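Handing you a structure now.
A, B, C and D label the chains in the order they appear, each numbered from 1.
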Amino acid sequence: MIVILKPKTSEEEIKRLTDELQVEGVEVNPVIGKDIIILGLVGDTSKIDKDRIEANKNVEKVMHVQEPFKKANRMFHPEKTIVDINGQKIGGKKIALIAGPCSVESRDQILEVANSVKKCGANFLRGGAFKPRTSPYSFQGLKYDGLDLLKEAREETGLPIVTEIMSPYDIEVFERDVDIIQVGARNMQNFDLLKELGRLNKPILLKRGLSSTIEEWLMSAEYIMAGGNENVILCERGIRTFETYTRNTLDLSAIPAVKKLSHLPVVVDPSHSAGKAWMVEDLSKAAVAIGADGLIIEVHNNPAKALCDGQQSIKPSEYEELLNKLRPIAEAVGREI
Amino acid sequence: MIVILKPKTSEEEIKRLTDELQVEGVEVNPVIGKDIIILGLVGDTSKIDKDRIEANKNVEKVMHVQEPFKKANRMFHPEKTIVDINGQKIGGKKIALIAGPCSVESRDQILEVANSVKKCGANFLRGGAFKPRTSPYSFQGLKYDGLDLLKEAREETGLPIVTEIMSPYDIEVFERDVDIIQVGARNMQNFDLLKELGRLNKPILLKRGLSSTIEEWLMSAEYIMAGGNENVILCERGIRTFETYTRNTLDLSAIPAVKKLSHLPVVVDPSHSAGKAWMVEDLSKAAVAIGADGLIIEVHNNPAKALCDGQQSIKPSEYEELLNKLRPIAEAVGREI
Amino acid sequence: MIVILKPKTSEEEIKRLTDELQVEGVEVNPVIGKDIIILGLVGDTSKIDKDRIEANKNVEKVMHVQEPFKKANRMFHPEKTIVDINGQKIGGKKIALIAGPCSVESRDQILEVANSVKKCGANFLRGGAFKPRTSPYSFQGLKYDGLDLLKEAREETGLPIVTEIMSPYDIEVFERDVDIIQVGARNMQNFDLLKELGRLNKPILLKRGLSSTIEEWLMSAEYIMAGGNENVILCERGIRTFETYTRNTLDLSAIPAVKKLSHLPVVVDPSHSAGKAWMVEDLSKAAVAIGADGLIIEVHNNPAKALCDGQQSIKPSEYEELLNKLRPIAEAVGREI
Amino acid sequence: MIVILKPKTSEEEIKRLTDELQVEGVEVNPVIGKDIIILGLVGDTSKIDKDRIEANKNVEKVMHVQEPFKKANRMFHPEKTIVDINGQKIGGKKIALIAGPCSVESRDQILEVANSVKKCGANFLRGGAFKPRTSPYSFQGLKYDGLDLLKEAREETGLPIVTEIMSPYDIEVFERDVDIIQVGARNMQNFDLLKELGRLNKPILLKRGLSSTIEEWLMSAEYIMAGGNENVILCERGIRTFETYTRNTLDLSAIPAVKKLSHLPVVVDPSHSAGKAWMVEDLSKAAVAIGADGLIIEVHNNPAKALCDGQQSIKPSEYEELLNKLRPIAEAVGREI
């Protein structure tokens, strides 16, 4: 950590601040020039609050040097994490294929889609039972009935199920019934929910918030890991920018960035980012080429009748064709589909 | 609602889509040109799902014409809402002055600050008991003990208290103990929490999400109002942009925008937006001039020792001076401090 | 300047880099800890290229400590700059009132508007002769004929004229005929144009680029000033963000920021930022309250017939009323209208 | 084009506006409901100014239905454009490989890099002679001497040269000496420069502005094409977002978007977007997979000594290795390297 002081800070003031910082257990190295005074802090700075130091009237700025996350940090955990879900792995050589409808709508729909995507090669089934919708007047999901239908689909196909949790009240049910618990983009900084998920022994798929930096995203992973649950799978799903042609801007640079900073696996959601079914193929190709550990794709048996997000869903036949096109790209980058 | 069809859509397809839309109870008016086909939808379009229509392969784009919120909409509720909290009003001629520390830290601290800001003229006390922090290793607030101290400060000063809720588990306690329940920016789209708050009869201070549009913000207010709780106070606290000099960019244009679109009162938080104590005065002046219904300002008896956000807190003496400077501006725009 | 090295950089490598940096004339102070190695650079670092050091494979990051601008920097020029244009001042106690149509359209139009705004109290006339338009098919301005009409309006009213330059070819004409040369937002980093304007002895109104940081904006001012022309007036006109309700987001925090960082005067353009005539009043009030040195407002005798930007123009009668409302706010903050 | 009127607009006013619009040569179809009045405009709306209609007090909003660009529009020009530069093609099956240093620094440097990249397989040489730098105190390029060195490198290697133009004064020299004239991101809306380039018969590489929408980018291409020069190559190089880990956010979704909207070829610059040499490989893989028509990559013989952008340059040996890794991906998507 580096503390920049205001140019005319007196020696006495520097001494006082230095003493204060040393009390917190770090070594303080001053660098003093005519127009610049820097304090270089060496040691464990993780307990020092940046904001608190910045409140000192002689302090111009405080800068982090090291990443503020530890358990998620690749520096302290160099080997890649591979999350194992009943034998299906995320983070290994094989690219995880998570597919299914935006919402579970009916028994027929979810069973049909589950069987179709399984046949294509998907190894996880996704489907929303509790839906976060911008409008209180939109379809909010089948809730517990949706969960039951997902379980039925799992029983029939053997595919582990991935679905989003919206409320801490549902944690016990999700812990019992769901294979990967998804935290949606809008809840990425719902810290109380993250803390509770940290106490489980269950994989968490953590979507990146619409306007969250990579560092904040990893700090949210850290919340879960700090509680003891290290089975975190990150999911890039597009960030909010000024561009309006696509619903969000898929930040594919986040994939190599996360891989450098962290050991956690990271998957890509090409359906939500663009919000356009016809773009799913191209974005999936890029995601595989750049090293994503998995793809989470919306597949619906009848997109035009979907109760949500139909405009970004593809049909099972298109999904099959897509996987065929992705296979040689995966191979070209040393992966497998 | 307007549905733009692809240029070469056949008459038969237009007919089929028109029939489908009419079933949902709206009148469909086609406008057909050489390179453009538009369906103008007249009637109650609130139940029609934009995404669903966009999933139709002949549809190019669907555009809303009317705002998707109703209870929060000024069109259907032309008079301004004034929220009354034990006689203190937000939304009337008098500008609401909400002040206090970022976090409640100790009995002495909160009582000292509460008494000071009351003496200056504040009419509400703010203070965090449950703190949303980016890092799991930062101070997370005194929690229930913090709430107790806030209640003690209310008893001593008579100031109604404003504090943030983080978890639905705490709703009963907050309903009983708190005067205005704050929903933080990171929870603005925590829809399950919003729904539960909608069932209370208690004012809610709804902060704008860091990357939420004005429409999304009003839709979150709509979530609370749809449940029956119409006592919503909006709070602009800065949005996330590319600019890094300030922590966030205070979007003051949102104040007149919200006042045009909605009847709800809107207050401004100049402390969190810039993240710089020295900028609080200037931003407060602008907020009052542009018509904010209140100011929520971080005041701390000893900012340099604050356990959070010290760098953006001002001292009670500075708060007093600030209010003196704001008074003539308030008067100039027909308000009162 | 601070250079962060990678944790395992060898002593030899540190020595080599230190020597390299000392050759450039700065003193290098190393701070060495277990997980962190910092080089604190003291002296004149303005000639050191940050990117170049970052290309060294042992360097993790390079951080500026001091602002990279000098002539525009308040630290080296503590008194505020007041630009004098034929006796009319920008940056003093009196708030500069620049008004006029988006484009000069005809003799009648510009004379009518010029006379009207003068009567209301404006002290500068604005009007576009060369128009930067997103589409090549939109009206591009009357060009030299427009300039002639502006000169005629100046002769009739005595108001100095402000108009935008688009091409370096026109510099001589503008130097001769125009009182304040405007650089539009889209040309803020047209460095060749800035350099040429730096050779003139003529005030330059430098609009902030749509996605330019405050630092980049001041660096563009520095380009002009480095050439010898220190008569730079900054103009905040809204930045591009994710919000679409307003055309751009007026960043009013930039006003106090610029005043702290620089001695240059800064004016606000409330017409272009929101792109909505009805919002001009509210944004102007906030701009005056926050300390803007001037307001540049689009006034048109017949907005509905304007050849450009009619939707954000107000009528002369509205302008008059606006100034009446701004007067007490100006007074409240120690300024004058 | 669609014009939304305010709900209570009188019939007479509708009639007046309808007449006004019909005069401009379009057919006006009104759709009138209780809470909504829409005018659907059919015919050639390209001459109608959206802003002007929005200035009418009864108009709520005006929405484009069709893209405002014509010559760049795929709808009117369904076959892909292939730009031919002395036999080297951009837009065909073969992916264009443009490589070279950020700046031309010396005879030795440019010749060494040119020969190296040619040997690796590059088919174009890039190198900056005139450099747009944020600071007036940074190295600004060797200018005309740099151009001469580029010509020498072309003579030696046969590679066509790509270099950036900064000023209209240099158009004649560039027309004579340069094979592809680059317009930098900061000049993307320097409309006067675009117009002049429109008069040439020379390929233009048009970089996307840092905060330009895809539509604005295509409108800038339209400026060049409207003048008669249809040899435009688009270049995505990252947009400005809130994320600070990467210098800019590479918007790879822009590639399929541009290909759908336009027939122009589009290349990707992975060096400038991230600003990190180690990320070039991953971003290049994704760019090829998503369908980019070319890659423009910074290659320097000694990045740590580069006079600019060294931190994002790779060495010739790394470039060679990169191309080897890209080959199978290109093949997987039906392209060739």
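By our rule, a contact is a pair of C-beta atoms (placed from the backbone, for glycine too) under 8 Å apart; a residue touches a chain by one contact, two chains touch by 3 or more.
Because the structure is predicted, anything quoted here is derived from the model rather than measured.
Undergrad: Please give the intersection of the contact partners of chain A with those of chain B.
TA: Chains touching both chain A and chain B: C, D.
Undergrad: Comparing A-C against A-D, which pair counts more contacting C-beta pairs?
TA: A-D
Undergrad: Where the CA atoms of chain A average out and where those of chain D average out, how many Å apart are those spots?
TA: Centre-to-centre distance between chain A and chain D: 31 Å.
Undergrad: Any idea how many Å lie between the Cα centroids of chain A and chain C?
TA: Computed value for the inter-centroid distance: 39 Å.
Undergrad: Could you list the positions in chain B whose residues touch two or more of the other chains?
TA: Residue numbers touching two or more other chains: 211, 240-242, 244.
Undergrad: Quick one: which bits of chain B touch chain A in the complex? Just the residue numbers, please.
TA: Residue positions touching the partner: 46-47, 49, 51-52, 54-57, 68-69, 130, 132-139, 166-169, 186-187, 189-193, 195, 210-211, 216, 219, 222-223, 226-227, 240, 277, 303-313.
Undergrad: Any idea which chain C residues touch chain B in the complex?
TA: 211, 213-215, 239, 241-246, 249-257, 260, 273-274, 278-279, 282-283, 285-291, 325, 328-329, 331-333
Undergrad: Under the definition above, what is the set of chain A residues touching chain C in their complex?
TA: 2, 4, 7, 27, 29, 31-36, 38, 40, 42-43, 60-61, 63, 65-66, 75, 211, 240-242, 244
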